[in-house]
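Note that the chains take the letters A, B, C, D and E in the order they are written out, and that residue 1 is the start of every chain.
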Amino acid sequence: MSKKRVVRKKVRPRFHRRTPPGALPGTLAADPGAAQPEIRVIAYGPDEFVEEEIHNLDRLPTLVGKHPVTWVNVAGLGDAAAIGRLGEIFGLHVLALEDVVNTHQRAKVEEYGDHLYVVARIVHLAEHLQTEQVSLFVGKNFVVSFQEHRNGCMAPVVERLQTARGRIRETRADYLAYAILDAAIDSYFPVLEQFGERLDALDDRVSARNAGEAMTRIHEVRSDLLLLRRAIWPHREALNMLARDTNPLIADETRIFLRDCYDHSVQLIDLLETYREMCADLRDVCLSLISNRMNEIMKVLTVIATIFMPLSFLASLYGINFDTQASPWNMPELRWRWGYPFALGLMAAATGGMLLYFYRRGWLGAADELNGTEPNREKPP
Amino acid sequence: MSKKRVVRKKVRPRFHRRTPPGALPGTLAADPGAAQPEIRVIAYGPDEFVEEEIHNLDRLPTLVGKHPVTWVNVAGLGDAAAIGRLGEIFGLHVLALEDVVNTHQRAKVEEYGDHLYVVARIVHLAEHLQTEQVSLFVGKNFVVSFQEHRNGCMAPVVERLQTARGRIRETRADYLAYAILDAAIDSYFPVLEQFGERLDALDDRVSARNAGEAMTRIHEVRSDLLLLRRAIWPHREALNMLARDTNPLIADETRIFLRDCYDHSVQLIDLLETYREMCADLRDVCLSLISNRMNEIMKVLTVIATIFMPLSFLASLYGINFDTQASPWNMPELRWRWGYPFALGLMAAATGGMLLYFYRRGWLGAADELNGTEPNREKPP
Amino acid sequence: MSKKRVVRKKVRPRFHRRTPPGALPGTLAADPGAAQPEIRVIAYGPDEFVEEEIHNLDRLPTLVGKHPVTWVNVAGLGDAAAIGRLGEIFGLHVLALEDVVNTHQRAKVEEYGDHLYVVARIVHLAEHLQTEQVSLFVGKNFVVSFQEHRNGCMAPVVERLQTARGRIRETRADYLAYAILDAAIDSYFPVLEQFGERLDALDDRVSARNAGEAMTRIHEVRSDLLLLRRAIWPHREALNMLARDTNPLIADETRIFLRDCYDHSVQLIDLLETYREMCADLRDVCLSLISNRMNEIMKVLTVIATIFMPLSFLASLYGINFDTQASPWNMPELRWRWGYPFALGLMAAATGGMLLYFYRRGWLGAADELNGTEPNREKPP
Amino acid sequence: MSKKRVVRKKVRPRFHRRTPPGALPGTLAADPGAAQPEIRVIAYGPDEFVEEEIHNLDRLPTLVGKHPVTWVNVAGLGDAAAIGRLGEIFGLHVLALEDVVNTHQRAKVEEYGDHLYVVARIVHLAEHLQTEQVSLFVGKNFVVSFQEHRNGCMAPVVERLQTARGRIRETRADYLAYAILDAAIDSYFPVLEQFGERLDALDDRVSARNAGEAMTRIHEVRSDLLLLRRAIWPHREALNMLARDTNPLIADETRIFLRDCYDHSVQLIDLLETYREMCADLRDVCLSLISNRMNEIMKVLTVIATIFMPLSFLASLYGINFDTQASPWNMPELRWRWGYPFALGLMAAATGGMLLYFYRRGWLGAADELNGTEPNREKPP
Amino acid sequence: MSKKRVVRKKVRPRFHRRTPPGALPGTLAADPGAAQPEIRVIAYGPDEFVEEEIHNLDRLPTLVGKHPVTWVNVAGLGDAAAIGRLGEIFGLHVLALEDVVNTHQRAKVEEYGDHLYVVARIVHLAEHLQTEQVSLFVGKNFVVSFQEHRNGCMAPVVERLQTARGRIRETRADYLAYAILDAAIDSYFPVLEQFGERLDALDDRVSARNAGEAMTRIHEVRSDLLLLRRAIWPHREALNMLARDTNPLIADETRIFLRDCYDHSVQLIDLLETYREMCADLRDVCLSLISNRMNEIMKVLTVIATIFMPLSFLASLYGINFDTQASPWNMPELRWRWGYPFALGLMAAATGGMLLYFYRRGWLGAADELNGTEPNREKPP
């Protein structure tokens, strides 16, 4: 049990305190526990590619605008000043920057004149299920992305840029944003797959004896699915908005890719809802197993009590001490020649009668067969 | 029980792993377990009909465009290269081709400029319930279709083309696509019909004795219905989109047929939801049967215990060994002339009193009648 | 129980097999069990009225178009050829004719250029609840209607035409269609009224003793309401479409009447949902009655066992055979002068103590009063 | 119990039979039990006010149109002929008049060219909860209103007109209609307030001992709330339609008032849904109280049985009659010097062991504390 | 228990009686218990700032319109005359003023020509959870705000104006309204955070022994969440309306801030729904703990009864008093040499057999392990 508690505690969608109530809108208050940022700039075009890790942001303006696409990725949100400086360089809206630092945003898309602000959440299942916020600013020729930790969620995109696979260097900033969003959505597939396997394993191993423990496991899975659901759902709306709206920052060719990404989010939601229904179903199975077991216990108690109570009564009856000398009516059986065999016979008869009664009621045998309920299964049309 | 597990395992909507997270969009990674493709080309017009099985795709370009409609059907998705080659020949979008190979798509319609990509799922109930993906590319004068295995789901359409039944050869590619979709939707009817029969059979045979087993069966049916529901629902939206939108690839006459097909999908969903509600209803019946049985068991136990406990007490009482010589107050009953008959009478009276009490409370007789609850049934107005 | 089964079997929304999967769209396959058609033609105008039963359809073209409105009613769907011939005469679409024969359609409206196809379902409660499909084709100057059996559902309309009541002869085909639809919707009112009476009767008669049987009845009512709901719901949408859309076949004056008919369908749905909630409520009442009864049984068992177990123990205790001669410590009570009265007193005290304990816990008296929970009811403001 | 039945019977949403199925649309069939009408005419303008009770409708045309607003109020629907005559005088649509007489309409608004037909329902809680239909016809310069009985629901409006409070005489017919609708909506507030008080009182007084009775009360409240909900909901849509649509009969200034009235209907629905959720919550509390009580009963039974069964066994054991003379192995304890104290000690030890076991399992003490579950409540930030 | 009642009573969404039914619309009836108002005027512009507490409203007109923005804040609604006078000065609509006084409004936005009326609700958790109404009138150059009590909910905004932080003095009235609404929405975050902590604490401490008490706590949390939900939901719609609509009183730059505020309301709703699902989940955990405990109790009872009943029977059997002299068949065991050891052995055998039976059924050991249900957790892919 103690282990379970540890697991669940981390899983809970604990709400991170945002800036204090009444604070100035746009206040950038970095979470004291947030990691120090690692800022990496990648600038590229069909025939050019520059990658550099930046420690002094003042170097940045000299890089921006020289190449068709400039991508600034910030891993770690511990330095509010640096984030504010980035906002100034790229002209990012202060409300959006506030949302970058408060990492409990739902996935969303916001238009701010010359740039889009997109929030996505990635998921990873190290020791526990955790979600992390990824923030993107998409401009005409730049993408600024923020991730909470230096995890590898951007790695596939960086690698594709480095190796120039798949014409990505010929595309614009909007395609880069799509590539990052696609990687974020893709992070959900292996996690959901694993939940599917856990549910399958539970389904295979659940029995009357461990139904109680199975219930606990199912509740854990349900909690995790609830957390996942809260994370995935808003992506659907945000991706739909990106794919359908007519913001000029997103090219039509990119919209086809975003539609594909939206499609993946719909698949994820569909799968998740299916798993949630499987949880509910499995919970019902557990409840009926527990209820059956209770019935079985009660049946054993009742059968035993019903057989032995009359027997004990008969035995007690002939243990009465009436003075057989005082009267011929006082327990003449005690002096009968066949008194004892008669008493034993009476007991045997009572027992037999009870057993017959229970047998007739079906309390002794197994459950009735449900013969014939699947008439056509063997010979499908 | 073991048999049940086998059945359910196959039924689960196991999620097939798609291309690894972060892979290049449009990567065609064939499932290693997928069947090798059988490629068949049918080209026809009002007065012409060519059918050919193709092993070398280079022969294909010489066939395409010579006839009003060219239909390429690929049964088996094990050859990614061949699928890629087909995509080149017909100018199919690479994201759509990726979806062809990842056979866990929901039914959908996607427009790609000069062609439509349509996904449908067929269902068949061989040993277990299984769904399969059917992908269609519909162009101005061609249809390219992909199915997972060489099952006969296209057979009725092929046969109609071969025998030229129903003017199908006079129609265009859009009507061919409709015919394939209609066959896919039609595959659900016999399966649903069978579930209806299984539910009817369960309803007929459920009783207090097998309610537990019936619960298990109902849960199996529910799981299957959940799988079917997940498969059918998206067809509704996809078919509605095909029937209502104004894509020039679909002629108005064909839209009337697609509306009919959409109508069938609505009927299927309606039937399915009805079956799901019947499941819930039957489950409630089972639960109340189980609960009634529990009540009955408890009632028997209580009646028996309540009758025999006082009897046993009385018998024990007169078995006390107080020394009747030591005092006249010590169990004088033991020496009464009618002591034993008196004791037996006391027991009989106790039993009678208890039985009367239970009878008055209605624990012995059957349940009360619900007379008169259907006042007008015999004489409807 | 056996009677219940019989009733429910007929009620189930059994799905009639449609044309085989893969059949040519528009195939007219009459249900082998369908009744042979009775075809009746009524042609009328403000000053003319012709009514004729037709056996040879070739006579029909001579009748059509001679009068402002021609109504052909076909009762019985057993003759596919006749239905096909009618389709030719009036130019009806083959997909709609297919739906006429497959009598499991949901209520709907379909536009086919110069005519509308409307499906409605009537309900009647002879021995069991049954729904039947009524199909209407509405053209500029004709109505062709199909009903499954020769029931009297068209009788009120026919009679109004015969007696020229209410200006109906001055109206056009669209008003005739409305009159038929209104009669169909009206068929639900007496049926729903009866369900209301059954629920009222159940509510009046349900008690702890028959709660189990009442549950079964409630489930039957729920099943019937489910069937009714499935039949009524689509009418709402279909009638709304007829009343709001701008199809030129429906005159504006008729739309006001159709809106009234739509209003009735909304009332029906409203009533039905109310009954469904009443069912759920009544089911909860039954469950709490059953649970209370279980509590009561357990309480009786516990009180009896708790009183008699100590008594039996005391009686057994003094039945011990220790040799009082062997030692003064061996059961000296047995030789006390007041031993037996002492033992009886001990038993009485134990019983009294137990009864006091149960009384304090409230297990003996009735339930507490909920005094004062309705403070203002007697004196409403 | 019997009282409860009486109360609920009246409360049920019994459906009044409308005109027989198949009747001519627009048939005015007065309910035989309806009250005879009292017809009152009020005509007013900024500087004029006429009030008159009318017995002969032929006098009416002489009154109408002479003043800016003429209001005809009919209290009692027992005279179909009079209603029909009124319809002729004001040119009211026959379908609307039919709805006036069939007093089971949902609140709605219908446009008929030059007049609007509005249905509202008022509620009053005399002995039972009852709803009544109020029908309004609003024309350019007249309002015709119908109420089921001569209750005082119009009194506040009449009084404001008589005393010329609040500029009402300067307004037009649309404002009068608003005033009547506002009075109808206002009738729900005191009723809902009372349900709130009943729920509060129930919540205060519910305990383990009366949970069963509380369940019954909660079901009654739920039934009433269901009835209220059915009555209130349609007002929302109807008032929204009046407040937003652009019918020229309603002036823009009046729309602001109607929006306020719509707002009240939303508040009512909101409150009602809150009460419904409180009912569900209270029901859960009752169920867990009942379940706890069951647990407590079972615990007492088990503790008693588990303590006394071994004791009784030991007492019976030493009551065995083996012949101690026949063999030294036959119950030598019976002749021990300390046999009886030894037996008593054995019993005490068994009892003590059992009590310890139960204490360790927590079956004897009270429930564990949930210390610390509300860490911040005392010191809110 | 008594303490719980006290807590819940205050929490209930008690409905304050509004003006009596039938009252003139726009009647300002101050709640007799409302606080006397404190009226504070703040007028400001980029370079000016005046703050004054006003006791005589006649002074107000001399202040209004002299500065770019004039903000009148009224804390306390006990003076209907003063509120009416304010309405005259600023030309506020009488229906809106009525809503100011009736402090049970849902959050909403209403347009009245030249001013907007906005209602919000703030929440604070002093001793109990309480919500308060904040009403705003937003004109071209003024904001009039009303709060129920002199709490500090406006303090952050006042302080920002006083210290001229964040360019607030350069903005117009619409931004001031946003600042007040943002402060209102912000009041929900710490409250919800605390509910999250309470749920976490409950989840950590719930066990079989305190599940009943935990249920009560969960119901309290659910009631509070229900109240919060009722308060938060309407903000979403109201803020969306403010942020999206095109009312000229709200500048486009302000709409971006309002969108951010709307976003916060969506986050709150999302969090709240998550907590509600966590409540439901925790309730299920409690129910299964209670049910498991019941099972355990029943198992102990059954094991004890099943072991001791046969033993007691055997002991009673050999306590029978048949006269062994009367016949050789009368209990010859009593005179056997090994009679007593034989009887004890029989009892031991019966006990052993029972224990073996229970062991086989798994009633003695712990629950089965669910080994292997989490196959991939240790090694995530």
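Keep in mind that, in the parts below, a contact is a pair of C-beta atoms (placed from the backbone, for glycine too) under 8 Å apart; a residue touches a chain by one contact, two chains touch by 3 or more.
Not measured: the values here are computed from a predicted model.
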| item | value |
| --- | --- |
| Subunit D to subunit E, fewest steps along touching chains | 1 |
| Superposition of subunit A upon subunit C: rotation angle, C-alpha, nearest 5 degrees | 145 |
| Centroid spacing, where centroids are CA-atom means, of subunit A and subunit D in whole angstrom | 39 |
| Mean-CA-position distance for subunit E and subunit A (Å) | 24 |
| Subunit D, residues touching no fewer than two other chains | 190, 294, 298, 301, 305, 309, 312, 316, 319-321, 331 |
| Of subunit A, residues touching subunit E in the complex | 5, 8-9, 12-15, 17-18, 21-26, 93, 95, 98-99, 104-106, 108, 110, 112, 125-126, 190, 194, 197-198, 201-202, 205-207, 209-210, 212-217, 219, 222-223, 226, 230, 283, 287, 290, 293-294, 297-298, 300-301, 304-305, 308-309, 311-312, 315-316, 318-321, 324, 331, 333-341, 343 |
| Contact footprint of subunit D on subunit C as seen in their complex | 155-157, 160, 165-166, 179, 182-183, 186-187, 189-190, 192-193, 196, 200, 203-204, 256-257, 259-260, 263, 266-267, 270-271, 274, 277-278, 281, 284-285, 288, 291-292, 294-295, 298-299, 301-302, 305-306, 309-310, 312-313, 316-317, 319-323, 326-327, 329-331, 362-363, 367-377, 380-381 |
